[in-house]
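In the two complexes that follow, chain A is the common piece, with chain B as its partner first and chain C second.
Our next item is the complex of A and B:
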């Protein structure tokens, strides 16, 4: 075979195909477009000022609060809620539970886009983003830094997610041989991906280990890496339930009949998994609380706020999941999923922003520019998601 | 015969003479005796002039009226605290920890504990993530939020001046001998001597002796340290120790977990049992 000739012909064909696919499909004036396009445009203007005048021009960051909403929400929460991809990969590929195979591709795609966009949002927050190559190309390795680990595991895991999703891309581009080759690598990639996830999900928690004197003792413990890891499991599962519910409404024409019917069964299984991991998480929290003898802290305003998070957004949705599974009440399960997602968001904001430097008078709150840029990142991610699912076979057609 | 030749050729090289070995270097630091400080703020001016930072107008700015913090414009500041023993002036700057949290936090080694003792910052490496600011127990590193090319600003103990054999600018500018530059071992002896010979003048504590595993800068005071703006709840464990166990667990997880997952995958292989059943697909196959 003339292997040398194939790439040029093939690349020309793919370039034409890609340009063809790039064209928008469907109506332009949808409510989502009407809202998202102005937000994205305003976000771009804000980013222009951020990169010319500095972070202070658009954010409320201060010397007391070096991490703001872009880190605390976009990166830390975004990564935690993208945990569904490694959990489902574990269930389907390692435990071989085939029931969840039909939602696997879309979950991996969600995970991949979350990593690209939300950990990519880190670039907006770095003071000298062009130096991000330093820890990668090896001219300056800070081996003893937790952040070094997190950065590398982010990068490798994004690559792993891309490999896991790549058979779908190869199928879309009609590269059959490549697809077969990529598919054969899936198990290895999945195993590496799960390991990388365990380490960087907990690593994000470990970043706060040295902030011991600054984080309110109700939120600080030496087990914070474990808590971050476990909460990424049920946070990810809740997000899969939430996204699955949204997708099955919005993209119902893309989803096959059989999958539609098995959707309820899948949701029950995911909810069961979330309920159990949440109870384990609650048990860890209670154990850390009692072992640390933190009773005296509870009867303060910080204590009440802690209870709102731990009871209201962990224990309550945990029991709601259990109740919903037992009685097949899908409304309860979906509400619990939303509460769980909010609970993970709340926990990350508490550790990173609210209970961080809790004794400081000038508290941090995000500026409207920070919120707009965050919204912009979310919207752009949805645009790319929509573009991919309407072109590649992400949803199960069966 | 061969062995004898090797021995004859090899042994003399191993015999390193004591006088040719590099003399042991010790970390340098500064002893701050707050009982001597008169709050003239000469150190602030000298520091900013040496580092080309904002030079405060010490005559007219009334800065001692309120408690200040070091900033992205000034590496060091002097605060006045009203105590039971009258006003006490305290100079604040980077303490140059023995095992700095900021350097352990830095993923590019931009924050560096030099072998001489000062903790320095390298702008060619720093990517501006500000994790050093999260990690520093004293909240010392400051970030320039204005400007497209921001720097992390903190005291470097005048590392370049030390290389030239000079003292830090603030030490040289101090008119009352509040600041004393030297090796920590010597400074500790001087500090202890002062505390023991004047037990009525000093509290029986040298701040920085053991705090966060020991710091390069040491402080003496006439009143308990929590009354003059020092955190006394930081403990004596070096801050990098808090992440040590996690970092050690990484290689264990990196090798152990994949093996465990692969074993689990083999264990759950029911291919032969359920091949005939409907709906079975190979692991990894697309549905």
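Our next item is the complex of A and C:
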């Protein structure tokens, strides 16, 4: 359906409807609002200084440390934890396991917002953010650069996620014909989305292949792309468990009875998937460790830190998931999901920041401004998520 | 004169093979552990279904 064909009065109706929908619903004085509004306001002031005075005014970045907390947390970690969207799309549309259909829309929405906000946060970290368009418009394409692949994939995948979610937007706007047309495109979009995701999740890891001398040997491997891809699967699944648990409590009035009842069954399935993937990931790490003959590195402070990540945040949550699934202990599964999410965050911070330039004495620590802006990005995403789910039919009403 | 040489598993990739074997064995055990109780339930259900179907004849 061509948008130009939509009559003007329909656009006027939509504009009025949209303005009506912008009005806040519910109470204003909630704990979340009280905490998030000041953080967002302070974050906006910091961003003003960042864009007027430059990166040096608000960050601790230097020539030694070109990647800071904004890249390490927002882009690297945010994209990995958004992996739940492509994993669930694969499970529902390719493997045809229908029981996860009820949480698909909300997972896609989470993925879409994560890509918009977290990969969008890349703009904050680039010294000359207006150059971000270069890989797209053909100015210095850089075919040999992994960043070229990542840039195109981020753009295309965000578009694919938007198309996957667009039937819900059309339904909300009462555009029935458009909704039917967009729904008919879902399968094709999903297949493109899964393909793009698999490539750029590993592509983000591939960017570190050129930094071999800078990353500590315990974290550097030629298999980083594979590790990033596999960890995005269980990281995404753990995030879906965590977000699903939070949503089912906070937005319980928006969720149908049947979905509420099937929630535990869905969590068990996701936990099972996470346990198996983490088990595979753990053995990948063991193979890489052995192949690289890194035995001598273990009995050092870096080695102990590596073991904290690998055993504490991979092996232990893997066992916890397995135990939780077997004994139907949902508290254990939810704790394991939080540990897994923390583990993925820790891994990305290790590769990108902590074990990066590990030999340098003058280490990088994020400034309070960097931390505040990161928190602001997370809070704004939650605000947008809340606005959408309270207006559109995101949660299953069944 | 024959000399005996001991195989060093660190030099011969023996350790990698052992790790691979343990991965395969533990992988099977993990999947069995994860699907354990459900499998018994399913078997019981299948058994009762088959008994019921014979009652019809």
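As a working rule, the second predicted complex is superposed on the first by the 392 of 398 C-alpha atoms of A that agree within 3 Å, B and C clash if a C-alpha of one lies under 4 Å from a C-alpha of the other, contacts with A are read in each partner's own complex, and residues count from 1 in each chain.
The working rule: a residue touches a chain if its C-beta (ideal position, glycine included) is under 8 Å from a C-beta of that chain, and two chains touch if they have at least 3 such contacts.
Since the model is a prediction, treat every value here as computed from it, not as a measurement.
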| item | value |
| --- | --- |
| Touching partner for A:322 - first (chain B), second (chain C), both, neither | second |
| Chain B versus chain C as contact partner of A:275, first or second or both or neither | second |
| Partner chain in contact with A:56 - chain B first, chain C second, else both or neither | first |
| Between chain B and chain C, more extensive residue contact with chain A | B |
| Touching partner for A:101 - first (chain B), second (chain C), both, neither | first |
| First, second, both or neither for A:127, with chain B first and chain C second | first |
| Partner chain(s) touched by A:11 [first = chain B, second = chain C, both, neither] | neither |
| Touched partner set for A:286, first chain B, second chain C, both or neither | second |
| Chain A positions touched by chain B in one structure and by chain C in the second | none |
| Complex contact set, residues of chain C against chain A | 10, 15-16, 19-20, 23, 26-27, 30-31, 33-34, 36-37 |
| Contact footprint of chain B on chain A as seen in their complex | 51-57, 59, 61-64, 66-67, 90, 93-96, 98, 101-102, 122, 125-129, 131-132, 134-135, 140-142, 144-149, 151, 167-168, 171, 183-184, 186-187, 191-192, 194-195, 198-199, 202-203, 206-214, 222, 225, 396, 398 |
| List of chain A residues in touch with chain C within their complex | 272, 275-276, 279-280, 283, 286-287, 290-291, 293, 322, 325-326 |
| Chain B residues touching chain A - in the complex, by the definition given at the top | 69, 71-72, 101, 104-110, 123-131, 133-135, 137, 139, 142-150, 152, 231, 233-234, 239-240, 242-243, 246-247, 250, 253-254, 257-258, 261-262, 264-265, 268-270, 279-281, 283-287 |
